[in-house]
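Shared between the two complexes below is chain A, which pairs with chain B and chain C, respectively.
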Partner chain A sequence: MSASLRPVLETLTRQRGVRASLIVSESDGLVIDSSLRFGQDGERVAALAASVYRKARLSAKAARLGAVTFLQLDAERGRICVAGAGNDLVIVTVADVAANVGLIRMELFKALELIA
Partner chain B sequence: MKIAAVEPWVEAPLKRYVDDARARLALLLHPNGQVLAQAGFTREVDVMTACALASAIHATAGELGRQVEGRAFGGLHYAGPEKQMYLAPLQTSRGAYICFTVFDDETSLGLIRIYFEELGRDLAAAALEAPPVSASVLAGGFEAELNRNLSALFRPRDRWEGRGGSQ
Partner chain C sequence: MADDVRRWSEELAREPGSLVFLQLADALRRQQQLDLAQKVALRGLERHPHNADAHDLLARIAVDRGDFPRAREEWNAVLRLVPGHAGALKGLGYLSFQQGRVDDAERYLTGAAETDEPSVASALRAVRHASGSYATIANPPIDPVYLPPEPSNDPRRLFETLLVDEGQTALLLDANGLVLGGMYVDAQGADVSQEVGARLSGISDEVRRSTKYLGVGDWRSITFETRGAVVAMAPSEDGGLLVVAASKVTPLGLLRRLLDRCAARASAWLRSGASDREATP
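What follows is the complex of A and B.
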């Protein structure tokens, strides 16, 4: 499984400003595969991002807003983007502030189609 | 949330672990099954029985690990339909301990593992600063020691702290 997921992640990580991309199990927060640049703590990012995504999904469901398609978290020195495939897999990217979120979002959706 | 500890130096790290990881329950025990501290919704289990069973599981898993790959297995995770458990050892300058954690879908195994690592670091640091132990837990006065521990752990309401107030 990892062999087929790796190109998906590498394509994402090649985007300008992307520091890391990970495929994570939403329910248990564990990394399935990752492509990390130096200095990223993949396990920690995966567990916390999956937890945030899960809570966002449950909040949207409680508010009867339907499925969450894309989650973006902006922080002082970067941003985290998460998209879910609806099969317990979520793709997490960690990017610089200056990264092109539109491009990342598009690549995330392409990647989701490949892992769905 | 209820928290009680036989030795005060474990209390703060264990409370932080349960709070941060959003665990329902954490029991810290000696590998022989003697409970050292409890935190969380401890009324959900019979603490003494849970400690005895956790100790036995840890010993069994350790021996299985030694049989299979020449060394004891580390953490053990079991996922039930609603609740999950994570059982793993911790090493401090005061010796080895086992932490038995019960959690539900408020959190995840990934988060539990992350905060468990922090618990290990916090306990190791706290162990260095804590006053020395007066006697071995298995010394001749074992029964008196056991009774002292039980009364410390199960003393009435004065050690209860508020988190949701559901206990």
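What follows is the complex of A and C.
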């Protein structure tokens, strides 16, 4: 499984400003595979991204808004983007504040199609 | 929405005299395609010069473009065609308030309030409050977000005057996910604040701790898209959370702006101590 997922993640990590890409199980926050630049804590990112995405999904369900397709967390010195297709797997990127989120979003959706 | 725009465009191409231009131009306005929206509305007006809804729509497009004189002109045209038109009175009330003409704003909104629309009543209270508190200030407040919320107001209506488009809703939660103010209303109009609050309970603190650990500093906002809406959240005082939702067609930039305005309102309200005096049932 990892062998086929790795190129998807490496393509994402090659985007300007992207520090890490991971495929994560939303239900338990465990890393399925990752492409990390030096110094990134993949497990912590995975746990946070899965938890936030899950809370967003459950709140959206409570409000009858439909499935969550994309989530973006902005912090002072970085941002985390998560895309999911509703099958427990989510793709996560950690990026610099200056990174092009529109492009990352597009690449995440492309990557989702590849791993679906 | 994209399908609707395509369908309405095709229908208009087949029948140029159709009133479908109203739906098409409004959809384009909501998508922030303001030049195109104005073009469609103007072409429609050429065929239907006495259509009040078309003038009303053109006024709203003008407001979105920041062309307030044009908006005023169009809403005055609406009132000439349909005296007492609630949309035009509301619009003129809004413009007058923006320009610091509080008495005019009150006059227009008093007329609009006769329609019994809750948002008008609320706006009118805000304007009346302003006319009492700010009348002697040389530069009256430009943006109603900075008006202090009324102390006796129902906390569920905390953000009401800021939520102008259909589908917009805002909710303020405490650190435990309990509702402090605002409401989260679903597409069917049901208040699902408590359920949403429960699902988001603890998110603010969890994200704060994690982002610090990851070395990316304090978190500023979380935005997510669903099949039917866009939702933005920001940390509030004392570990609380502000949640704002809008329809899917809302551009994310506009959603962020709405989030900022609601955050300013929430912050002023919390500082005023109103949340300690009143509790949401």
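The definition used in the following text is that the second predicted complex is superposed on the first by the 116 of 116 C-alpha atoms of A that agree within 3 Å, B and C clash if a C-alpha of one lies under 4 Å from a C-alpha of the other, contacts with A are read in each partner's own complex, and residues count from 1 in each chain.
By definition in this document, a residue touches a chain if its C-beta (ideal position, glycine included) is under 8 Å from a C-beta of that chain, and two chains touch if they have at least 3 such contacts.
Since we're looking at a predicted model, the values are computed, not measured.
Trainee: For A:N87, select first, second, both or neither according to whether it touches chain B, chain C, the two together, or no partner.
Mentor: So A:N87 meets neither chain B nor chain C here.
Trainee: A:G29 contacts which: chain B (first), chain C (second), both, neither?
Mentor: After superposition on chain A, A:G29 lies in contact with chain B alone.
Trainee: Looking at the overlay, does A:S51 come into contact with chain B only (first), chain C only (second), both, or neither?
Mentor: both
Trainee: Just to be sure I read the superposition right, which of the two partners does A:E43 touch: chain B = first, chain C = second, or both, or neither?
Mentor: first
Trainee: Who wins on chain A residues touched, chain B or chain C?
Mentor: C
Trainee: Can you pull the chain A residues that chain B and chain C both touch?
Mentor: On chain A, the overlap between the chain B and chain C contacts is residues 44, 47-48, 51.
Trainee: Contact residues on chain B for chain A in the complex?
Mentor: Those residues of chain B that touch chain A are 79, 105, 107-111, 113-114.
Trainee: In the complex, go through chain A and note every residue touching chain C.
Mentor: Counting only chain A, the residues touching chain C are 41, 44-45, 47-48, 51-52, 55-56, 58-80, 94.
Trainee: Along chain C, where are the residues that touch chain A in the complex?
Mentor: 184, 186-188, 192, 195-196, 198-200, 203, 206-207, 210-211, 213-229, 231, 243, 245
Trainee: What part of chain A is in contact with chain B in the complex they form?
Mentor: Per the stated touch rule, the residues are 24-25, 27-31, 43-44, 46-48, 50-51, 54.
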